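Dropping the structure in here first, questions after.
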Amino acid sequence: MIKEMLTNVREKRPLVHNITNYVTVNDCANALLAIGAAPIMSDEIDDVCDITEICTGLNINIGTLNKNTVKAMLTAGTKAKELFHPVLLDPVGAGASQMRTQTADLIIKEVKPTVIRGNISEIKALAQGKSTTKGVDADIADAVSENNIESVICFAKQFSKETGAVIVITGAIDLIVNETVAYSVTNGHQMMSSITGTGCMLSAIMTAFISANSEDILKACLAAVSMMGVCGERAYKRLTEHDGNATYRNYIIDELYNITPEELEKGAKYEIR
Amino acid sequence: MIKEMLTNVREKRPLVHNITNYVTVNDCANALLAIGAAPIMSDEIDDVCDITEICTGLNINIGTLNKNTVKAMLTAGTKAKELFHPVLLDPVGAGASQMRTQTADLIIKEVKPTVIRGNISEIKALAQGKSTTKGVDADIADAVSENNIESVICFAKQFSKETGAVIVITGAIDLIVNETVAYSVTNGHQMMSSITGTGCMLSAIMTAFISANSEDILKACLAAVSMMGVCGERAYKRLTEHDGNATYRNYIIDELYNITPEELEKGAKYEIR
Amino acid sequence: MIKEMLTNVREKRPLVHNITNYVTVNDCANALLAIGAAPIMSDEIDDVCDITEICTGLNINIGTLNKNTVKAMLTAGTKAKELFHPVLLDPVGAGASQMRTQTADLIIKEVKPTVIRGNISEIKALAQGKSTTKGVDADIADAVSENNIESVICFAKQFSKETGAVIVITGAIDLIVNETVAYSVTNGHQMMSSITGTGCMLSAIMTAFISANSEDILKACLAAVSMMGVCGERAYKRLTEHDGNATYRNYIIDELYNITPEELEKGAKYEIR
């Protein structure tokens, strides 16, 4: 099931429009190229409509938002939806500042993204109007565990119903949820949290997956989450004594480049909830 | 002939002013340092004139242009030309959006860049007022091959005549063309297209080459194109089984750092057309 | 003495707000994660106060300043000082342009940063109102050597007295100076100057060090400078024949990730002056 999703990305080579933060943008571009997709970045309001028109999906990441780029996000998002392109929102830091929370709320309301992907603190801030976001990382008190997973799935289903979006919550346990179905994924390695941009890269490649598999958004998200996690595991195994987070970052992108659909299928650890 | 060009860069250590996109800017800076030049980035209209004044060349890349940086490009470009500094234009995405095409046109008209370097889709969009640009990558239908190379050289010579610039078209076969002379280069490896920024890095180092070899812009461009290609080949040979595009990116910059003028001369595969 | 400083960073995991340039921002984020701290980037005036409020320190780097981000720097800096957070200023390119010099002057006057870290050209431009800054690198004529070190310490002490900040001047010999005490550090490797961002990364991690060790800012700065230098030495030893500046960059961050407090203490080469 999952392997076909990756095969479709590699065959269709979707061109993804990214309005994303300048911290991890290079990694997002290389991650997209690694999986066989292609990136284009544009965040100027007078440029985004033309760019989105030649793409097949839009990735909106508010990690280093400013007043100009927020306008571009809304404009590009509206245009992409008119063209029936899937749109992903990564609400980086929602709950950490009023501007980030309000911007994410506004994009959800006006653009109606196809997928919303964040950590548990960010998603809670948007779903419940409160949060304990610690910067751009999830607050530890919010972490999804076997103890609270049912209640998290419950509120995620509710949030999916309210927004019409597939909700993807990533952490040690990842959740991919729509109104009625939930998947959990347990791939990945905790060292991934010592790299900036694993979440941003996931959002970028997930946009390629939903572009190339628009007939099944939920499973496309599941495939993207599994792929990031499996590649994190495989990259970890390559590390030698003196390697640290910089080498790990490179190895993760290398694995995105090298993994075959069959290896992905075999490595993916998910269950339906 | 080519080796002296690199020797001049390493001896003169040109300081290059870059107004460039935030996707690949770090790679451009490290590529410039690798070849023995030095980078400075500034894209604020109130800052660019002072910065360009202490530099010896200007690299304008419109990859993530916005209304403010476009003004800075025009201001810096005009100032650089007043100071007789070489100016390179990399029209990223020309043909993909009206704003990009118009901005590149405006810079060509007002600044009169010394060199214009892009892929075939971008150059065609500017030279012929039409294009099939697929995002920031060349459209496959446009690719330069042995079948169409004469007609491409012909239109590039014409475009050089109109603009006064050396025209550099990069792809599987690279072309470096002025009004009367054309070189083709066949160095490089197709895996370079799976990395973001090889074009941007080439534009950055090419600006250093034309700064340090301003008496022969055409050959300076030829040397820069050859260097990027030869380093792409050498880096490819270093790759082992699990390496992908992230490691390849690092190895290409490493090769820019390590290659000697003699190795460059020996590896360069070019012919006059 | 130094090892406790690093232990404190790893235990307290300070969240550092960075308003920094887009050239080296990814390396700054990964360097902060490597040492056990956490990064957040925000440069929009309407966002910075909320963000700084959840952090414990602020790193202001003017490397790619623009009119909007300068306002955000002043606003965030003022807010951070109200909250008694340590603030570091990295005046990239002060002396190279009027806007950079004036912006740094303004931040010093209005924010009163806790630490000012730059190369000798930048610090001289700010302390003495003149400079021979060569772009963003120190001018060779300004280099700190055993011949002029006493006079440099003298003007740095005076500048510390005027500004109330600890002054950190980095180069082949690094100096950490307050009104009355000066340390010199001779760790590091000259190849570090062939990588973009070693100074920016140092400023970022130094902000984490002063956040986690606010009771002794001078020694926290000393520890950060030593750590960057020791890691530069250790990373250099890992390099093999074909490695260049890209691999060196990755290895330095890897060393920041792996070094123990004991290894740092043992490797640090400093003396009180």
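Letters A, B and C name the chains as they come in the text, with residue numbers starting at 1 for each one.
Everything below uses one rule, namely that a residue touches a chain if its C-beta (ideal position, glycine included) is under 8 Å from a C-beta of that chain, and two chains touch if they have at least 3 such contacts.
Computed from a prediction, not measured in an experiment: that's the story for all the values here.
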- Message: chain A and chain C share one sequence, so how far apart are they rotationally when you fit their Cα atoms? Give it in degrees, rounded to a multiple of 5.
- Response: 120
- Message: Could you classify the chain B-chain C contact as same or different, where same means more than half of all interface residue numbers appear on both copies?
- Response: different
- Message: As a quick test, compute the distance in whole Å between the mean CA positions of chain B and chain C.
- Response: 33
- Message: Among all residues of chain C, which ones touch two or more of the remaining chains?
- Response: 22, 26, 249-250
- Note on the structure: Listed in rising order, the residues of chain C that touch chain A in the complex are 15, 22, 25-26, 29-30, 33-34, 38-44, 46-47, 50-51, 54-55, 68, 238, 249-258
- Note on the structure: Interface with chain C, chain A side, in the complex: residues 21-24, 26-27, 63-67, 93, 96-100, 133-137, 194-197, 242-247, 249-250
